[in-house]
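Here chain A shows up in two complexes: once beside chain B, once beside chain C.
Take a look at the complex of A and B:
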């Protein structure tokens, strides 16, 4: 028995399950960032003096890089546009495909009168819309990575000038909020990267290399690092134990077969479109948080 | 039967190959550990949370020895409990009981197992997310457990973790606590979003909102509270981790002096900020603890009085109103911080208002008893005991909601007595009622009534012996945070004897849980076999699904609903119960 409304919308609520789920998740995220912005307001109103983001450190400001942040703002907005384009290329392709499938049911003379010769192959449309999707999704990921690079440059600049979260509560807020936002960006990159490529094929083809070579090497390096940094041996070898456990329990194999990536477009196109829509909603939210962060941290005058 | 299911599943699985491809040919791990079936996950939640409840209870029993006989060596262990260990056990008792015991049992176990079947769904809306929710909870619990064995022990600043004390606490216990909390919050986020979507999206045909059983309504409101109230604590947890690990001053005020030395931080933070963020979660959390319990009690009262719940609509609206109001009462935990009279006046007003829906719910349950031919079976006894016990807890809360009377009472045992009456003989009795009530549904066998009654009457007396003396001590002004129970305070001398009464009550309570533990395990294998609808109930989990429900699908086919949840003793019917999925015929 299948779970209802995973693909089509429930008539009386007007949404499919995933969409309601992602909106609830975003509501929860609003409360998370709401708590942090409230912290900002409370600490700022209670503070004797507050740094101004755009003023250099030598002149008593926070020394944030406003031009770079402006660049980041534009690039995030651009990535929000491209993820919509990625979704739209799938949705439009799917609609055309359905149109043609519908046409084939019509009598021959009507079919001939409507000239759709260039588009008459549903398989071709499907493959083409996937390519378009991959282009725009790739662009989205590229923009997100650019954002992260700019952010890393900003962080590095501050650390190299002796500015840390503990220096002043302004920086405490700055690093916490932008850091958490950065983690959300990384999460988005992982999700979007998952949708970008045919992971099932890739993992099945390279599974021996990945699971018997790459992952063990990474884990052993991690253990070595943990032992070197003075953690207990039990803690340090626990990732290896976990890995062996997963391998023995067969979960790794299930994992491979359970992550189709963009191959879901072949098997369940409507559901794949839904997933991209949800990923897009999340991405807009991450974008929106930055739209609030940018003026609050970089542009507001100090006191 | 099994074979039939398998072939059915096989057919459905061909349509949907990646989503449910683990349904047939399940291996051992898939079936019992990494199952995506909401029933298995519900049982996993149930077992884990019962173990944590037991652990929290053991910590408390050890603390009770220290309070009854301060600095005497504990029997068997042979050493006296130091104040540090007392503080650690106190903090972890609260954390384990609330975040790892009662909430996972009420929402994780009952919500997961019962809700999808009561709304006529084949599973939760997101089965794999559901599994993830359990395992994230499990890791969170594991982190809390590991913190007992690290140098300097677990968190020791109370379950509320007030800074600056928690910020400057030595060792890594507090860090473990914070990271563990982040896991638990993530788990409850996944679980609550799942329950909400399941209830709204997967309701069976005909099951309109006002036909949902009250238990489902309670779970829906609870899930919204978890979804929206927990993230601010996650924010607070992140900030405190930054304070402890990165040296920031979110909660560290300027000029803080610890043991004669000024603390080397930038300052400018606010300890009160933590309290706001913490209680913004922790007040709704109180309703997260009580609402599922009320839902269970509602089901059992309707079933065992053999008549509809009185005032179903007002119950539903009261639960929704309770949910909304619970977001704007949090600062009544903070009168002692000196917030000022204007804010205190606001919060004491909202607090008085929120007591109204609680009273509506309790009153509706009381009136439901009127004129019923009550069956006094074990679940009903626990549900009935819930009413006065929650009543005592609620009424003793009124003086705490008013600013003036709260100030002398707040840091005394009175508060401990108050919220334990709500949670222990209140919520936990309701959860016991739920276990006795749904045990036949889950295992296909009944629990023993005789042992159940011993469990109930013993626990009922012991609970009151434990918590009633706390009001006496609290009114005498004994502080609730003393590792010696007030031994060195002149004003506490007259009420010290109650420490021993309480402790013996607690150990007595432990003895009366033995029949339950024995009953629980023996009934799984040797209990009396139960029919599908053993309590002659009306809701879908009893009337449309076998006991236990079919793996991965619950029902042979999705039921259709024609009527409200509690159609008991309808005139003109042959039976005194009319299932929700029975078509309308006589009413025409």
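Take a look at the complex of A and C:
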């Protein structure tokens, strides 16, 4: 099956379909967060008094951790740069690769051709740009995880001090906005993690372990539990267990062949560049939301 | 995408680093700026401007909106319109908000209200009290402690002053004597039955949960056995020690006045009326352990409005300037919660309890003008002469007007 316009632009929109898709998704995200910002405005202007984020709880504020949130802001900005660098290293590598291939086909100057070939060849460039990409993408994921750790620390601190969304409308909207934003970070980590590694190879390599060890162990544990917890129900459901075994192994096998991860760079480099661009657009949006969340929740004075 | 754009992308890499630096600097700026006081709306505008600049940098350079196709711009334009509609719905919904929410509105209202009272009651004190009753039943605070009373009384006692409520307390050292004025405050007539607050409190277990045996009763007029009246503030308004400098800290350490504690218990103010000296620290407690806010509306001191979330057990606050009249203190979360605070320049005052008794001690000998004030029943005055070391008695009898 060929998916149309994954690389070339669709004539009527002028962009490849993935880009139009991610922008449509981001537009819906703007409305999702917009609705919550609207809620913030309504809660705040309708409130008799409003807590100030940076003021400690003992002094009647919300006691949010401004230094930690500032740190998180830097982290997210940095991750935005690294993910755009990840995309740029692929794009630059691809362009150089094409340039060299072009030179080899139509050498204008034999000396130039020799120089270029001696320095590099298309395969080498492709492998190098993938390494660069993995470096920047790895950094991006590392920053995202750092952000989540800081956020988890903040949440834990609040909960351990008896502060929940029900405590005050401020915390209700605080937890809703930062919680939804945190979910977006987690989603980004999953997608970026998928693009980081050659999953097809990894899963194929470990397929033997998965097939002969993990799935049987899980199933045997299930059977043991059923036998232990009573009766001969195990005999009644043994066909179901066999069915589950076949279903899971089949699913995993199909799954493995369908998830190339960063291996798409080998087979369809231009499509992979576009995928990374879309992942980047999403990630910049998550950064952008935080850029507004940070002053609104942490820095604005109370009333 | 990348075809033939090698130079573009390479140049972009430099741009990305500059944008990163700009974003880092702007982050520092937005945090730094938050320490400067621009007022509420000023801070919001400044914070949003910085955030918009940062957001635009991300959108234009990282998300490549600086050279994107028309179709994407159209999509984003539509999104922006929808987003603005969402925000303006929220802003529009708050434009016909409750009068409490805007302090300026409230001040304007009170000013207009007081002005109208000035015209109506220049010569009729009785009707003033009547108006107070009406005001009490409405959403707005009773203007008992409002400038009208101060204005009127100043005209009587200090005709040379312009009635801005301030009087000179800085001249002269504090003097004390051994004379005492004491007496009894009673209520005459049919005792009004105060309504139960159970129904109003029923929404909040933090409130009604404190009343297990009896219903919570409104404490506007509290009459004790043998018709004695509680919550009456008796104070010296004219006489020898007035106009001298008394210091709250000295009075407390000498034991002439008590430490001021205002507790919120069972969604009522304990005590209902609090009398303190100017500059005396008030400890506001939240024994309920639920969300309250303490909203004081003084005439001369600046307005005070602090939220007390359940984890805030106490806050301290001091009214620095004396007030001619007691002013209301209320909780906007629980509309029935109301009390009064009187900020006085000297320690010669007393509050009646359920037994209706008051006692003002340490007075030098002389002739005094004594005022008994009740939030609902108005004020009564009497002239009392007391000799050194003796006790003069002065009784007040309030009646429903």
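Note that the second predicted complex is superposed on the first by the 246 of 303 C-alpha atoms of A that agree within 3 Å, B and C clash if a C-alpha of one lies under 4 Å from a C-alpha of the other, contacts with A are read in each partner's own complex, and residues count from 1 in each chain.
One rule holds in what follows: a contact is a pair of C-beta atoms (placed from the backbone, for glycine too) under 8 Å apart; a residue touches a chain by one contact, two chains touch by 3 or more.
The model shown is predicted, which means the values in this text are computed figures rather than measured ones.
Engineer: Once the two complexes are aligned on chain A, which partner has more residues of chain A within touching range, chain B or chain C?
Structural biologist: When the residues of chain A touched by each partner are counted, C comes out ahead.
Engineer: Pick one for A:13: touches chain B only (first), chain C only (second), both, or neither.
Structural biologist: both
Engineer: Which holds for A:31: it touches chain B only (first), chain C only (second), both, or neither?
Structural biologist: In the superposed model, A:31 contacts both chain B and chain C.
Engineer: With both complexes overlaid on chain A, does A:281 touch chain B (first), chain C (second), both or neither?
Structural biologist: In the superposition, A:281 touches chain C alone.
Engineer: Counting only touches as set out at the top, which of chain B and chain C does A:168 meet: first, second, both, neither?
Structural biologist: Touch partners of A:168: chain B and chain C.
Engineer: Touching A:48, do we find chain B (first), chain C (second), both, or neither?
Structural biologist: A:48: touches chain B and chain C.
Engineer: In the overlay, answer first, second, both or neither for which of chain B and chain C A:132 touches.
Structural biologist: Once the two structures are laid over each other on A, A:132 reaches no partner at all.
Engineer: Taking the superposition as given, does A:273 touch the first partner, chain B, the second, chain C, both, or neither?
Structural biologist: second
Engineer: So chain A touches chain B in one structure and chain C in the other; where do those two contact lists coincide?
Structural biologist: Residues 13, 15-16, 20, 24, 27, 31, 34-35, 38-39, 42, 46-48, 167-168 of chain A touch both chain B and chain C.
Engineer: Applying the document's contact rule, which stretches of chain A touch chain B when the two form their complex?
Structural biologist: Touching chain B from chain A are residues 1-6, 10, 13, 15-18, 20-21, 24-25, 27-29, 31-36, 38-39, 42-43, 46-48, 164-169, 172, 175-176, 180, 249-251, 254, 257-258, 260, 264, 267-268.
Engineer: Mind listing the chain C positions that touch chain A in their complex?
Structural biologist: 1-6, 9-10, 12-13, 16-17, 19-20, 23-24, 27, 30-31, 34, 37, 40, 43-44, 47-48, 50-51, 54-55, 58-59, 62-63, 68-72, 75-76, 78-79, 82-83, 86-87, 89-91, 93-94, 97, 100-101, 291, 293, 295, 305-312, 315, 332-333
Engineer: Which of the residues in chain A come into contact with chain C in the complex?
Structural biologist: By the definition above, chain A touches chain C via 7, 9, 12-16, 19-20, 23-24, 27, 30-31, 34-35, 37-39, 41-42, 45-51, 54, 57-60, 66, 70, 73-74, 77-78, 80-81, 84-85, 88, 90-92, 94-96, 98-99, 161-163, 167-168, 270, 273-274, 277, 280-281, 284-285, 287-288, 291-292, 294-296, 299-303.
Engineer: Where on chain B is chain A touching in the complex?
Structural biologist: That would be residues 8-9, 12, 15-22, 27, 29-30, 33-34, 121-123, 125-127, 129, 189, 192-194, 196-197, 200-202, 227-236, 238-239, 242, 246-250, 265-266, 268-270, 273, 276-277, 280, 552-553, 555, 558 of chain B.
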